[in-house]
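Okay, here's the structure, questions in a sec.
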């Protein structure tokens, strides 16, 4: 199997095809701005979910503070575009790096924690970041940050989504990814088998945070207004629900989960309180009847492609 | 100095509330190793039941308190039977997510039925200020502390002097062995939930009376803070939850008193993280090594 | 030439001395047995050797040409130095396939990093191919290749033990630590295991240290036996010497020694 294998070329062409279709539909006005908004949300959720899946599903580190990384990215991008007048790509790079740094800062102290304690500690970190943001006037504090230039478009969104999926999938299907999976299975045994668990746990956090930062930047520069309360533990739980729904450990599951749950949210929009109640019931039913989520640990194997070209 | 004393009194009242809620968390965690995210919402529903009793049924403070406590206990048992029993054998993450789902269900279900606006409690405890030197003590503070202390004493009695209490202690140490000794683990777990929820409901009513306003999301923050209090004391350890509740309440009011009230929540989380990193078993906890 | 040397190794856990003043010399190619009653400190000793615990005093020296002090090194580093182990209560990666479990063992002998994997450089493909081939070869040698895509937790007990050994062998150790490999086996299986251990030692050019309760197995294949009791080393020598040691007999073997 080489990088220029038939399977990879066909996949690349499919990716470009979907992009082109989307671009055409948007330019022709076939997709109106309401649908575009929802596509943006879905895309952002996919990036967030895939990143969290790496941390929680693949590496087994239960993180309830993922939204904080998104916040770091969103605010960084807002500052760089609105206050420093930088281009989107510059802002995006800084957002991702800032979020990744936050990942290191949160990842290191929590190394020794497991399970419930890790979950609560990450929740605590996330809330601390949110509270700090609420109290910084430079970024608007509780009133929020307004007038962020709208740079996010279909192109940016689509290729960031593709990037996050490809990077994380390629990592998971590699020596490093296997190390992360073994940590979630049995950390002591993994350490005994020669795996530097510290390195991989932090790496997972950093990669997840990196992409959450990108998602945050996309979000800020599309909705041109952000406030700290949008990035609290409720958002973190939202992302976790997507990951669990799609199947922890399944990248394809996170993608499907993000799409399905965003659509469900959309349909329930007319009855806002009931939406959360329905959400809660769905979550409960999955936990009781299908805790492995929609796709379990499986992925799309694109078997049909392999058969034809083998 | 008087400022400090004044804040101390406020802190003790707040601490009483946290302690009552924390007790429920710690008892449930001790017995089935679950962080009951929905516990804060039982507190919220307790407040609403108290509201209903006083506003629509014209009850006084104590009767409303008792009705709320009983109803909360029943609700806690129902939640356990419907939501937590089926996932008793699941992974920790599955259990945690189930708890989160129950919490969301209660919060937003409540919001749907009672609408999100805050409600005000009627004046069931006429406010009276007692001045001790330069410090003002409100009789509501006294009520809260007295009720809390009474409830805690009753709880201690139940845990240490009744068969149910002994069953609870045994089950939290080793549920398999307890089962073999003829203890009905199911009933014991229900009793634990009932007791914890009862205390949370009491806390809810008292908060309604003391702070005068309630809303469907009022359980979130106090719930998390009470959990932090339980961790501080040592999760699963009952005196620890009491201690942690008061420590957190007093710390929080002190932080506010010194002008950092915007950061008071952050301080609570910072304490949590420090505890988890330095002494994860809590101030009263024992260190148990994992056998390799 | 001693490949592993323990000098007065002790560890204390909050006031309790779990293991005290252990002196051991292990020569290359030997099969060394560690026996003793339950709670004597045998698994603690393994945990010390693999870096899970750090000795409170004494030193553990590994000789790979130059002596390396193992005290304080993290477990994964010690594994990369060539010490691998199995566990008393089998610790496989249950939800991973048999093949993946073995591939895991190769981790410290491979190098493909984050960026090479993500960008899929040719190095990635070459290394993956090599790891796959070596893993399958190992499974074939240990008679597990027919189950390579089976989930590890679905294997019968005896095969799980073999898989744990395969996984340990994947890290290309020079010293293999086996923690109660015969636990749960009937006499026939134990006999097969006995031959298997000798065969593994010969085929992979290993030094083997083994914790066991089955005295027949230990006395049958060990070149040297160490006896622990209450954390102390009460005897060390050939099986015959140890069997005759009155302290050992009193503490452990009883009348079934011969």
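Just so it is clear, A, B and C label the chains in written order, and each chain counts residues from 1 on its own.
Here is the rule we go by: a residue touches a chain if its C-beta (ideal position, glycine included) is under 8 Å from a C-beta of that chain, and two chains touch if they have at least 3 such contacts.
As the structure is a computational prediction, the values presented were derived from the model and not from experiment.
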| item | value |
| --- | --- |
| Chain whose Cα centroid lies at the greatest distance from that of chain B | C |
| Centre-most chain, if every chain is reduced to its averaged C-alpha atoms | A |
| Mean-CA-position distance for chain C and chain A (Å) | 41 |
| Geometric centre distance via CA averages, chain B-chain A, whole Å | 34 |
| Distance from chain C to chain B - Cα centre to Cα centre, in angstrom | 49 |
| Residues of chain C engaged with two or more neighbouring chains | 52, 87 |
| Contacts with two or more other chains, residues of chain A listed in rising order | 188 |
| Multi-partner residues of chain B (at least 2 other chains) | 292 |
| Chain A-touching residues of chain B, taken from the complex the two chains share | 33, 35, 83, 86-87, 90-94, 96-98, 100-105, 107-109, 111-112, 116, 224, 227-228, 231, 262-263, 265-266, 269-270, 272-273, 276-277, 280, 290, 292 |
| Chain A - residues contacting chain C, complex | 1-3, 166-167, 170-171, 173-179, 181-182, 185-186, 188-197, 203, 297 |
| Chain B partner contacts - residues on chain A that touch it in the complex | 56, 62, 109, 112-113, 115-117, 119-121, 123-125, 127-128, 131-132, 134-135, 188, 237, 240-241, 244, 248, 273-277, 279-281, 283-284, 287-288, 291 |
| Interfacial residue positions of chain C with respect to chain A in the complex | 50, 52, 74-76, 79-80, 84-85, 87, 91-96, 100, 103-105, 107-110, 112-114, 117-122, 124-125, 127-128, 131, 167-168, 171 |
